[in-house]
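Here it is: the structure, laid out below.
As written, the chains take the letters A, B, C and D, and residue 1 is the first residue of each chain.
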Amino acid sequence: MQIDLNCDMGEGYGRYVLGNDEAVIPLVSSVNVACGFHASDPSTMRRTVKLAKEWNVAVGAHPSFPDRVGFGRREMSASPAEIRDDVIYQLGALLAFCKAEGVPLRHVKPHGALYNLAARDIEAATAIAAAVRSVDPSLYLVGLCGSAMVAAARETGLKFAPEAFADRGYRKDGRLVSRKEHGAVLDDPEVVAERVVRMVRDGEVITVDGTGIPIDPKTVCVHGDTPGVVALLRAIRSRLEREKIGVKSFSG
Amino acid sequence: MQIDLNCDMGEGYGRYVLGNDEAVIPLVSSVNVACGFHASDPSTMRRTVKLAKEWNVAVGAHPSFPDRVGFGRREMSASPAEIRDDVIYQLGALLAFCKAEGVPLRHVKPHGALYNLAARDIEAATAIAAAVRSVDPSLYLVGLCGSAMVAAARETGLKFAPEAFADRGYRKDGRLVSRKEHGAVLDDPEVVAERVVRMVRDGEVITVDGTGIPIDPKTVCVHGDTPGVVALLRAIRSRLEREKIGVKSFSG
Amino acid sequence: MQIDLNCDMGEGYGRYVLGNDEAVIPLVSSVNVACGFHASDPSTMRRTVKLAKEWNVAVGAHPSFPDRVGFGRREMSASPAEIRDDVIYQLGALLAFCKAEGVPLRHVKPHGALYNLAARDIEAATAIAAAVRSVDPSLYLVGLCGSAMVAAARETGLKFAPEAFADRGYRKDGRLVSRKEHGAVLDDPEVVAERVVRMVRDGEVITVDGTGIPIDPKTVCVHGDTPGVVALLRAIRSRLEREKIGVKSFSG
Amino acid sequence: MQIDLNCDMGEGYGRYVLGNDEAVIPLVSSVNVACGFHASDPSTMRRTVKLAKEWNVAVGAHPSFPDRVGFGRREMSASPAEIRDDVIYQLGALLAFCKAEGVPLRHVKPHGALYNLAARDIEAATAIAAAVRSVDPSLYLVGLCGSAMVAAARETGLKFAPEAFADRGYRKDGRLVSRKEHGAVLDDPEVVAERVVRMVRDGEVITVDGTGIPIDPKTVCVHGDTPGVVALLRAIRSRLEREKIGVKSFSG
């Protein structure tokens, strides 16, 4: 039994630093690398790919709407064609750094508002899947368990890695509790670790209403910018170890 | 005997149109496609690559300093590492559209102020050459005949295509007359066409001082944004035809 | 009896030209000047303000969502505070050019997707009105007749200039026919001119369904980027003249 | 006897934080507020102006070359007209937030590469001075003691506040030691504090060569992003107090 732990990475920009990539990367098996639209810049991308290579974690692209000041968290009424082309552009930019550093690119996971849109909107999800396929059909698409992205990946003929969130509350319909509502974020490392084990071992997550719903993630996301992320990741890993669940990239 | 005719292309941006790509592309054998830093955007890049595919012309990347409002024409004191990473980023972005459209990428030609800097500064030229090599060592680098880029390509182990300018005045030292000075731009189609033939057939160009200097281009650039570019290109092609000089991409 | 004719202006960017400001400006009484977020740049703004001064037309700011590649036509889920601050920023930038050229700033009209959002969303409309008021409470706000902007201006204590569109189809509820639907745009100069007269003289516009609805504009917008805009404006002015309706800025 | 202590402020961007404005602002008498070209965004500008109001420090604009990824530290070959218009734009944007918060704008100090260019290039310095004058002739221009900016301000008819750097090494010609060289930055708080006193009380600074040169600053800059800035400022203030030198904005 095994699971992938993923984290967004390389989200600095120019002089600006965000998160603590060096501390987080030893504890995850996959990273989603920002591509310059919501965060990052060419030199930050290179450094991040190098860091991933050093730690031998799987590298994925983390494309976004073009909204740096809003950190890609604001939905934009972009057309499917615009979304597709924006994803191709960002994917290619990261691919070039992977080539330059001799690191394979493994997956694509949309960022922020684009992720959320793709989770509920099949047109947007399909645009993203089509973009990925047109550049490299061997890449995995990563998206929310049970969302529109599952269907988009299947119809496009892409491999899909369903994702769960370690530290986020779930609703009965399988979607995440909005950050504006109570129960959106969990921060007790032991509670979060137990939750991850339950997802992976038992295929279940307890919703904010207290009922269990089925969930079957191939990868579990931990947010790199939450203050206690290192303690959280350590608790998760130690709990997984006790259960003899390996931590390994889904992409091989 | 043959020569390549190249033109910058895809330099629109969002709603903005620049040049007349549809009219120019039938008359050239290579195009340099803007990559989003001085001009273009993802959807414009896709359209431009598609157009190049339709006309079966060789596609190259046209990376720039990050200066959209200045159209990449303002020199910036960027470090060699920044230049290298900026070129990798842009190159990768275009490569992804080439893959998506099934078109090979053939060459890289820096744009505007970056071109001029690389012509005289071996550090900048080497940064560009290193960037290209790290992404795809089979690509050609395109740069000014007799400039620092020749040495940079040689030392990096890249193929190089020396370039001459059909409609620009030359100084005795082989550099271009500054656009601020008299004799910088030639606009009589017959004069320009004759000049191109002389460059290709005789390996010579007449400078603003009236003396001939040796020149040995593999590709001749015509600026797509000069008003009479279509007439200019027609004159050049008809003159080349009379001399039985073929027009064909240097990259094969 | 009189009416204001307004047109968006200064929507070039760097090397890029859009519209034909020199041909249009003699025919209007107010201009809405782009402020750098969807179009324009500092030097274009200066030129546009100078042009407005030359022709003695009333100058307004035309703030937008920050989306240059999408020309401000894509709605973004920005917060009211973000909208307010973005408007203050743009307004201030234009004000500085007005000061530098000795031209008064008269009004503010949101652009594109921000205009449409403000027409239906009172929170967005209020954020814009609050921004304007905080910078200069003597400015007019310009917005769609009968929209949420009317209430926002009233509650904020701003003067309001209700706007009608000369060349756009109207629905029975007073909103514009979407550009994706039939009847969205009218292009016959005589039809458009007649329509403007009816709006101004009779306070009525005929909807796509053929029924008349009341309308009471203080300003009528003509889009500067429609191909036949000069002919359209001439037809409107000549028709207004026949009716002895003066063309004059609402703000002055 | 008195002196102004100034610090750059509001240099975050979107989600990104830089420096520790809250800790620094109680210790200075003037702040230079970033205007969105090298750092900051509309909402950060508003917050920074509010903070300055709370602490009753003098507010200045801190305009830059348009280079966010390079933090305005890369020189660009912009024309004087471009520099002038870029400064007007940024100045106006900040002025609008000052109006919205009821805070007067007092001065303008160019940032980074633009500051350095203006220190040695009279054309650039004059472009900046002309920009400031055209927007508000009562503003102070802040620039390096003994630099080209002195002449530019005088010729333009602007008030000028010559600036010294508390923690930077000086050369015999009065310019700063380059950050690439030894002796560029001083970090011992007592040494720096003593140095400031010497500048203000004795009108002298000791260069890296050990000789004293005359200096007559109206304002002394401390960099907000140096790690020990708070300790540094405390040492300076306590040393100034002992000498009965007041800390007060030069602008009144």
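Here, a contact is a pair of C-beta atoms (placed from the backbone, for glycine too) under 8 Å apart; a residue touches a chain by one contact, two chains touch by 3 or more.
This structure is a prediction, so every number in the text was calculated from the model and none was measured.
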Those chains which touch subunit B and also touch subunit A: C, D
Interface sides of subunit B and subunit D: same vs different residues, half threshold: same
Chain pair repeating A-C, as identified from A-D, A-B or B-D when over half of the contact pairs by residue number coincide: B-D
Which of B-C and C-D has more C-beta pairs touching across its chains: C-D
Whole-Å gap between the CA centroids of subunit C and subunit D: 39
Between subunit D and subunit B, distance of the C-alpha-averaged centres to the nearest whole Å: 42
Contacts with 2+ other chains: residues of subunit C: 41, 69-70, 82
Residues on subunit C engaged by subunit B in the complex (per definition of touch): 12-18, 41, 68-71
Of all residues in subunit D, those that touch subunit B in their complex: 66-67, 69-70, 74-78, 82, 113
Residues of subunit D touching subunit C in the complex: 36, 41-43, 45-46, 81-82, 85-86, 88-97, 99-100, 131, 134-136
